[in-house]
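Below are two complexes that have subunit A in common, paired first with subunit B and then with subunit C.
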Partner chain A sequence: MNFKRDVSIRTYSGFALSSLLVLTILNIILQNIPDKVERAGEQLLELNAQEGVANAVTSVVAYFRGFDTLGEIAVLFVAALGIGMMLSSNCKAPHKEESNFILQKASKLLFPVIMLFGVYVMIYGHLSPGGGFQGGVIIASGMLLLLISDQNFEIPHSVISALETFAGISYVLIGLIGLLVMDRFLGNFLPHDISEMGMLLSGGIIPLVYIVVGIKVGSEMSLIVQNLIKRSEDD
Partner chain B sequence: MIETFLTYLNQDSTITAMVNIGSMTLFFIGLFGLLTHRHILRIFISISIMEIAIFLFFIGNTFDKRFTAPILGDGNTAFVAMNDPIPHAMILTAIVIGMAVFALGISFAIEYYKLTGKTDINEMNELGES
Partner chain C sequence: MTGLIILSAFIAVIVVAFATVIQKRLPDAIILFMGVGLGSVVLFFVFQAPDVAMTEAVIGAGISALIFLMALKHFKEAR
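Right, the complex of A and B next:
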């Protein structure tokens, strides 16, 4: 059986025509959707006003769908585990090759700013656009800058595993305390007064959950980036 | 002339058509790359482009230009006349999962290349086909 892909001009034109056809049909269907569609978000926005969180997306991710977010960071953990198992086997010492001078100096200048911005996005996730996932990825990008500028830099595995374990355990603990004190998993047991909406200390457990998610995502992304860089260096 | 064009662009039907046609065109660009390329990293990139098209499709179809973003501040004091926050949360989940799957696939590709020196999917015949 031959898997060669010698694409002829007939295939190209057929592909273009069929994609145009699908586009047209889809557009006709979507133009005829009734104007007033029942939205699930209406009731959720009303519920959200009682939680004292200014950003409704944050309260959906970290509170109403908090159990799903626990599963999501579990998926991220499994992916990081798989990448570590695939790439860190028989890993040799990396090349001792000096990187660019401009990159070395600029990374020392930029790294604290990037970390500060990541922590800001993480902590203010319940007041402004942003949150744990975004802040964690920004922190991992700062780690990537250090890794590509300094060949000898390596994030110690003990630190990453300690942070990751702390974050995962505290997520589950916050949920279980909510189950014991309130009536459900991830119940909002801390005071969440509506009059304090917009302050940093508002929203009860929701900022705590998102900061924990940010720590976990940041450490896992840093581990993924480090594994990819260190493995692709040796040969 | 320009004002007429801007009024045309600001209509609901125009926005819907642009979102649908644009995102689906991006989807078919990704599908085309997936079907015609043989380098494995290019295939992963094509899958990522298809994913991004689906995200744009979701977010664009739940967007209503009369409503604001679901965040208080900048003059908003109550949760009324806001866009639906659920699609945003769903797409946030989907972006993270897609990134994790993409990184895992790239790590498989790197390890396969280190072992065999092949990147062309036509030459991957360890099971004895072809």
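Right, the complex of A and C next:
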């Protein structure tokens, strides 16, 4: 069966209109670039310096807006739940079809490097660009590489459920301890001295929260990818 | 120099997106859609958002294309 479709004149005209819009926005951005763009984050950086975290984005995502992040990973959890309910039913034995030789060998070579990079991005999320969400997704893409190269590989369900339960419970527990000690949800109850900014052990609970988010996102995205691939092999 | 990079990345994204829209075969359109994601990685990086660039590189160019391809395969089997 071929997947051909007809492209109507309405598509062309709509695309021309939207590209005109994008070019207009680009023109506005390019004319205002020297002074307007770089002024955005200065107040945020002053506020950020109180927490002792070098990456300002991390202190926003995991601390100032930590409750929103809890909602976001709940949304991701519901998405994984829906995909699992739709796709993982009536599983049969997968095909014993061998994948490409180059893909098999190269994935064995690349998988440890991708996992190491994912864990690095996750642990150094409060010092360098990246963080829990990015690291978890990189780990899930490593799992994707292993799943498409090896037909017999399967992530054990017990491991994923244990990791995800641990991550979700410890996020809420960290938040509740903060509520008890500092009188607000996700209060920074661990020592976070400004003089330690840039060290691996700095920033109080912020690295812990981001590592927990990374574990949760990684296990959920791996589960989604595995459901999609295994189900499509079944029939 | 930065303006040149921004301009060329914007034009590349628009050209690849146009190719995605007019491509008649759907699997090829998905591959071109990954190209749109790669162009926007450059844009995010130039606009000083390396976190978003990292997420876009993995989600936009990797996992979303996989989801589209798998959906296409299911669609083919269901017809």
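The rule we apply is simple: the second predicted complex is superposed on the first by the 191 of 235 C-alpha atoms of A that agree within 3 Å, B and C clash if a C-alpha of one lies under 4 Å from a C-alpha of the other, contacts with A are read in each partner's own complex, and residues count from 1 in each chain.
In the analysis below, a contact is a pair of C-beta atoms (placed from the backbone, for glycine too) under 8 Å apart; a residue touches a chain by one contact, two chains touch by 3 or more.
Just so we're clear, the structure is a prediction, and the values are computed from it rather than from any experiment.
Of the two partner chains placed by superposition, only subunit C is touched by A:138; subunit B is not. By the touch criterion defined above, A:57 lies against subunit B and subunit C together after alignment on the C-alpha atoms of chain A. Of the two partner chains, neither subunit B nor subunit C is touched by A:215. When both complexes are overlaid on chain A, the residue A:130 reaches subunit C alone and has no touch with subunit B.
In the superposed model, A:121 lies in contact with subunit C only, and not with subunit B.
When subunit A is checked against subunit B and against subunit C, the one touching more of its residues turns out to be B. Once the two complexes are overlaid on the shared chain, A:31 sits against subunit B while remaining clear of subunit C. Looking at the shared chain after the overlay, A:44 reaches subunit B, while subunit C stays out of its contact range. Of the two partner chains placed by superposition, A:174 touches none, neither subunit B nor subunit C. In the overlay built on the shared chain, the residue A:229 is in contact with subunit C alone; subunit B does not reach it. Residues 1-5, 7, 15, 19, 22-23, 26, 30, 57, 129, 133, 228, 232, 235 of subunit A touch subunit B in one complex and subunit C in the other. The touching residues of subunit C, when paired with subunit A in their complex, are 2-3, 6-7, 10, 14, 17-18, 21-22, 24-27, 47-48, 50-51, 54-55, 58-59, 62-63, 66-67, 70, 72-74, 76-77, 79.
Subunit B makes touch with subunit A in their complex at residues 13, 16-17, 20-21, 24-25, 28, 31-32, 35-38, 61, 69-73, 78-80, 82-86, 88-89, 92-93, 96-97, 100-101, 103-104, 106-108, 110-111, 114, 121-122, 129-130. For subunit A in complex with subunit B, the touching residues are 1-5, 7, 15, 19, 22-23, 26-27, 30-31, 39-41, 44-46, 48-49, 54-57, 59-61, 65, 68-69, 72, 75-76, 79-80, 82-83, 86-87, 127-129, 133, 197-198, 217, 224, 227-228, 231-232, 235. Taken together, the subunit A residues at the contact with subunit C in this complex read 1-5, 7, 11-12, 15, 19, 22-23, 26, 29-30, 33, 37, 57, 121, 129-131, 133-134, 137-138, 140-141, 144, 221, 225, 228-229, 232, 235.
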